[in-house]
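In the part that follows, the structures are each spelled out as structure tokens.
You will see chain A twice below: alongside chain B first, and alongside chain C after that.
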Partner chain A sequence: MIDGDAKKLLEPFEPSAEDPWDRAKAAHLLRRGGFGGTALEIDAALKAGPEGAVHALAEGDECDAYRDTLALGDVIVASNDLESLQAWWLLRCVRAGRPLREKIALFWHGHFATSLAKVERARLMLRQNRLFLERGLGPFEELLQAVSRDPAMLVWLDSNDNRRGKPNENYARELMELFSLGLGNYAEGDVKEAARAFTGWHVQGGEFFFDADKHDAGSKTVFGKSGAWDGGDVVAMCARRPECAAFLARKLFEFFVHPEPDPALVAALGESLRARGLRIGDWLASLLQSRAFYSRRARRAVIKSPVDFAVGLVRVSGATVDGKAMARAVASMGQSLFAPPTVKGWDGGRHWISAAALLARVNFAAAVSRSPKLDAFGDGSVDALLAAFVDGPIPAPVRDRLAAHVAPLHDPDTRMRTLIRTIASLPESHLC
Partner chain B sequence: MTLESNGAALDVRVPAKMSGPASTPPAIATPRVPRLLGTIAVPRDLAAMWSARDKLLDANALSGTAQFNSFIGILFAGKQFGDDVLPEIGPELLFVSARQEWPAEGPAPQPKIPAFALVLHLKNAKAFGPRLEVAFQTTMGVINADRGQKAKQPFSLRTEMVDGVDVTTARSIEEASGATLPMTANYTTSIAQVGDRFVLSSTRALCIDLVHAYQRGDLDAAAVGDRVAIRGPVAYEALHENEEALIANDMLEKGSSRLEATGSIRALMEIVRLFDSGEIVRVTDGGTTGLRARVTLRTGT
Partner chain C sequence: MLTGEWGQTPDDGNRQSRPLGSDPVSRRGFLGAIGGVVLASAAFDVPRFLVRAALAAGGQPAAKSGERVLVVVQLQGGNDGLNTVVPFAMDDYYRRRPSIAIARADVRKLDDVVGLHPEMSGMESLFKDGRLAIVQGVGYPDPDRSHFRSTEIWESADLAGGASRSGWLGRCLCDRSGHGESLLPGVALGGREMPQALVADRPRPTRNDAAGDESASSAVAVESLDEFRVRGEGLSPEKAALERKLLADLAGEPRIDTEGSLEFVRQSLSSTFAAAERLHDAVSRYSSPVNYPDFDLARKLRQVAQVHLAGFGTRIFFVTLGGFDTHASQRQTQALLLRELSQSLAAFVADLRHHGALDQVLVMTFSEFGRRVEENGSAGTDHGTAAPLFIAGGGVKGGLVGAHPRLDDLVDGDVKFAVDFRRVYATAIESWLGVPSASVLGAPFDPLPIV
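What follows is the complex of A and B.
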């Protein structure tokens, strides 16, 4: 791919007679920018057009059910129970009227992966989660500064062990390798010097605390620049390097659009993010309206994460679920929220799929199909349910076998429940 | 079933085939403690149950008992759980639960978990009581060593004299932040030996209240058989002070809206509010076995 082609891919998608803004594209947007849409939500997105639909994902109306669920945070964390915390977030995703905010919080949770297993205090995890939710679409440098002072992150990366004369490199290393620049874009010496800048950035009583006695106020040389830098200076230096924009843009593109973008496209993505001052929300809005986003390569290109799969299924079906059971199911699919496996978060992609994880997905779909309350899907036909749950067409023989499978079922309710769990077990249901 | 002016009684019996020598279960007296929520009295010969564990438990549970047995050996200086420890404990097992009191203005944990205690009867209190005390101290030592390895705050052990009895308490030294105490603040695990009674309590306050009750003989009349008793007004208060946590839990577990969850929790509270007390007793006599239940309504309801 040449640079000009890459830049064209980032231009806004312009609907035309040959390539119109249709239900399939609106549903694609709701799946990627959120967790999937009901028929009504797809109708609304279709009416709003590509720009209006993206705006609604981040700025649409929030319903009482979401606000009531969000308000439970402080009560939930009092029990310090991981499952309750997970259930709370999943139900928020199910009820969100501005799902892009929850989706970006999910992205940052994987990016700045922090686990209750080490942090131990759910209150600190809640605070970090609120940070991602409230500032996840804002300027990246501000987010990175806030994360660098976030008590959960400081506990997670042993910041209390980082003292003058005995620096602990954990945070400085992950700041460069995982949070802002990526491997190969900094030198070992930068990590060592940056670690000195973060000395004294501690946690005390669950709050960020700058311990001046433990801080190394001497001169440090980071990225070739010398000065009496502190942690905030190093964060700003990292965020302002061009490699940061490219690193972030690639990761966001792979999360929202498709994996393995061409190098020329990565360069163009980085340039465009940098041009927007690393304001994530602005840039993401343009990405979700881009030609790349609606290109053939982006369709069915992403394996749904367990959260995407489970939340999408519940949202689209209108099911009422036990949030804690849903949390257990999502964890058994391989994504234990608030407890990522390592500092690198979840590998994602093909790693989401294993025999055990697929079985957990199918079992969850069966549980959803038994929900006391489910929405109606058009005329209840095989095609209506396929349109609701699957991105794009499925092979005709598969569709025919589905139809044959439910043909003997005359009770419309039984037929719909059978179709939901059967469709959710199709390979196509795990792609978006 | 009998309807009474202030409640109802239900007596259900079925014929029972008795095996083994007839023996009268011991009578257990319930101590009167403030804010008493409920009691469970279960006369059981623990040593006999342990001997029959291969008939009572499945293979998984049995392998767990083997591990437990070896851990007990550490706590009791090489003693065997089944042969040396359990035979020291009499069959009068009593569980007591009481609502905790928190300062009106000060910080409190959420949820506020009621205190609970196990009261054991020791056959050779003078010899075995100190062994239980050491076992408790050793357990806290093991827990502290484990918490130290994980860089967690340890528990501090303190002993105080209450009514001439030593009360030993393990208290977390975790720092509180904000207006809410951590849930661990619900627990200040304590032990005390009062005569031939050994008290293991989830809180210091309940332990002290039990010490007072046993030392002063402030007990209800002893009764025979398995008994579960609950006090309605205290249960209502326990639900009331945890209403927000219960609503949140209902919303999470049922996926219900706040309105629905509030409705179902308040309905439960209103039902509990109707009752003054409730008791279920297992009755075995004359070749029959069964349950006798009695509920007393609050005056004026």
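What follows is the complex of A and C.
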């Protein structure tokens, strides 16, 4: 692909007579920028147009149920219980009227992967979560500065062990390798010197605390520049390197659009994010309106994460679920929120797919189908339910086999419940 | 206007029927876009672990193929080693433990110095049978007495305590030297939370990896085997069976798209449904004259035997027995736990022997630390350091390994460690499973000559 093509892919998608803004595209946007849409939500997105629909994902009306759930955070952390914390976040995702904000918080949770297993204090995890929710769509440099002083992160990466004369490189290394630049875009010496700049960045009583006595105020050389740098200087240097924009843009593209962008496109993505001053929300809004996003190749290209799968199913079906049971199910599918397996977060993509994870998905779909309350789907036919739950075409033999299975079921309610769990167990239901 | 794969999608219905690269522009876009990687990987799109699953579904029990299996039993809470393998010949033992020491007469003597706790008759028989090795004084330098930190050290095998939270067994599973693929390569039974020991440490997937089948190396944690099934809750058995058949048929139906994510998921689902049915059938066919005792650990080990005998090629099992944090009234608590350990393990070994599978299985125990030599004021013991560790199986050279740590030469009131726990790990990884251990453990460690 030539560069011109790559740039064109990032231009806005323009609806035309042969390629209109239709329900399928609106539903695609709601799945990727949120957790899937009900018929009403798809109607609203259709009416709003591509630009208005993206705007609504981040700035739409928030409902009381969501605000009430969000406000429960401080009560939830009192128990210091992982499952409660997970249930709380999942229910927020289910109820969110601005789902893009929750989605980007999930992205940052995977990016700055921090676990309660080591942090041990739910209150600190909540605080980090709020940071992702409130500033996840803002300028990246500000987010990175805040994360570098975030108490949960400081505990997670052993900041209290980082002292003048005895530097601990943990944070400095992950800052460069995982949070901003990626492997190969910095030297070992940069990590060593940067670690000195972060000496004395400690946590005390659950708060960030700069211990001047433990800080190495001497001159350090990072990326070839010498000075008496402190942690904030190093964070700014990392965030302003062009490699940072390319690294982040690629990861965001893989999360929101397609798991395999080609090199020319990665370069163009990095440039466009840099041109927007690494303002994540602005750039993401343009990405979610781009030709690449609505391209044939991007459709049904992403394997749903357990959160995407579970939250999407609950939202679209209108089911009522027990938050803790949902948290247990999502953990069984391989995504224990607030407890990522390593500092690298979840591997994602095809790594989500294992035998145990798939069975957990199928069994969760069955649990959702037993919900006391469920929405109605058009005329309740196989086609109406397929249209509501699955993106794109289903082979005729699959459709016919489904229809034959439910044909003897005369009770419309039983029929609908059977269709919900069997459709949610189709291979297509794990893609978005 | 842009066409090809990144082009817009005017008609969804046409998408799948249109072969990739069917027009020149699209072809250029496709090749340029992916540099041939996807084309090259298309042939490998069927996850490798499915080949193994298909084998299993075809009724080739791994239990007959001679593949070696490691079963790790975690004794959570810090088992008191001194009252497990009792140094009855050491006067200091009785001097320092006036109320909780095991009387000389009650000890199940193994040699002139040490013997097993009186509740451990099953393991005593294993020892006499030459199927149980007891490694004495296992620990590590500069020991940590925090449950969390010391467990982390044992499970990660990383003394430095980096941010990598992967485990030694997870890293071991990533290395597939000389092993086939398995749908269930590692199984933790008894809880949904994955033990750190089984967490894999993979580099972020590159494009090549993403097109491969890395999921094959991931372990699963399940409460019990019942979870490994389409449960069909709320349905009659007949209706549940019909629905299982339906789901398998729907996943088995070919799609027009024969490469990419959809095909990957479809084949994974299809083989998962088949494997779950096969596992369920195998488990329901399993029978054994061996009576497992009524203990939680026994139930878990029985399920381990069932999965192993079902032939899924699982290489590593992990089960936990908790409650060893005996700060007070230790005698009764530990006696019950050691009875559970000994009887459950003896039943497991008897079961495997009955099925001719004992030679394929190595069981090892570990605990995050031993306990203080001196008893505390509550007839219990506080957190200590080194302790003995058990290794059992058909391929084990039984006996005592090393001498019991001296009780007249302590550091901070704790025994000195004699054997680094990573040497035991090297034994399990390299001598038993045949996986090079230096990369898993971060440094070379000499295996013990016991397997």
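Assorted remarks:
By definition in this document, the second predicted complex is superposed on the first by the 432 of 432 C-alpha atoms of A that agree within 3 Å, B and C clash if a C-alpha of one lies under 4 Å from a C-alpha of the other, contacts with A are read in each partner's own complex, and residues count from 1 in each chain.
FYI, contacts are C-beta pairs under 8 Å (C-beta built on N, C-alpha and C of every residue); 3 or more make two chains touch, one makes a residue touch a chain.
As the structure is a prediction and not an experimental result, all values here were calculated from the model.
Superposition note: with chain A as the common reference, chain B and chain C are in steric clash. Of the two partner chains, neither chain B nor chain C is touched by A:S286. When both complexes are overlaid on chain A, the residue A:V398 reaches chain C alone and has no touch with chain B. By the touch criterion defined above, A:K8 reaches chain C but does not reach chain B.
Of the two partner chains placed by superposition, only chain B is touched by A:K324; chain C is not. Applying the stated contact rule after C-alpha superposition, one finds that A:G349 touches chain C and leaves chain B untouched. Of the two partner chains, chain B is the only one that A:N80 touches; chain C does not reach it.
Applying the stated contact rule after C-alpha superposition, one finds that A:S381 touches neither chain B nor chain C.
When both complexes are overlaid on chain A, the residue A:T38 reaches neither chain B nor chain C. Here chain B and chain C are compared by how many residues of chain A each touches, and C touches more. In the superposition on chain A, the residues of chain A contacting both chain B and chain C are 120. Put simply, chain B touches chain A in their complex at residues 109-111, 152, 175, 177-178, 180, 182-183, 244-245, 248-249, 251-258. Within the complex, the chain A residues that touch chain B are 64-65, 68-69, 72, 74-76, 78-80, 84, 87-88, 91, 120-121, 123, 205-207, 320-324.
Those residues of chain A lying in contact with chain C across their complex are 1-2, 5, 8-9, 13, 18-19, 24, 115, 117-118, 120, 156-158, 170, 174, 259-260, 262-265, 291-292, 294-303, 328, 331-332, 334, 336, 341-344, 347, 349-360, 362-363, 366-367, 370, 392-393, 395, 397-398, 401-402, 405, 418, 422, 425-428, 430-431. Of all residues in chain C, only 2, 5-10, 12-13, 15-16, 28-29, 32-35, 37-38, 53, 148, 161-166, 183-184, 192-194, 196, 199-202, 204-205, 207, 210, 212-215, 218, 220-222, 227-234, 242-243, 246-247, 249-251, 253-256, 260-262, 264-266, 268-269, 271-272, 275-276 touch chain A in the complex they form.
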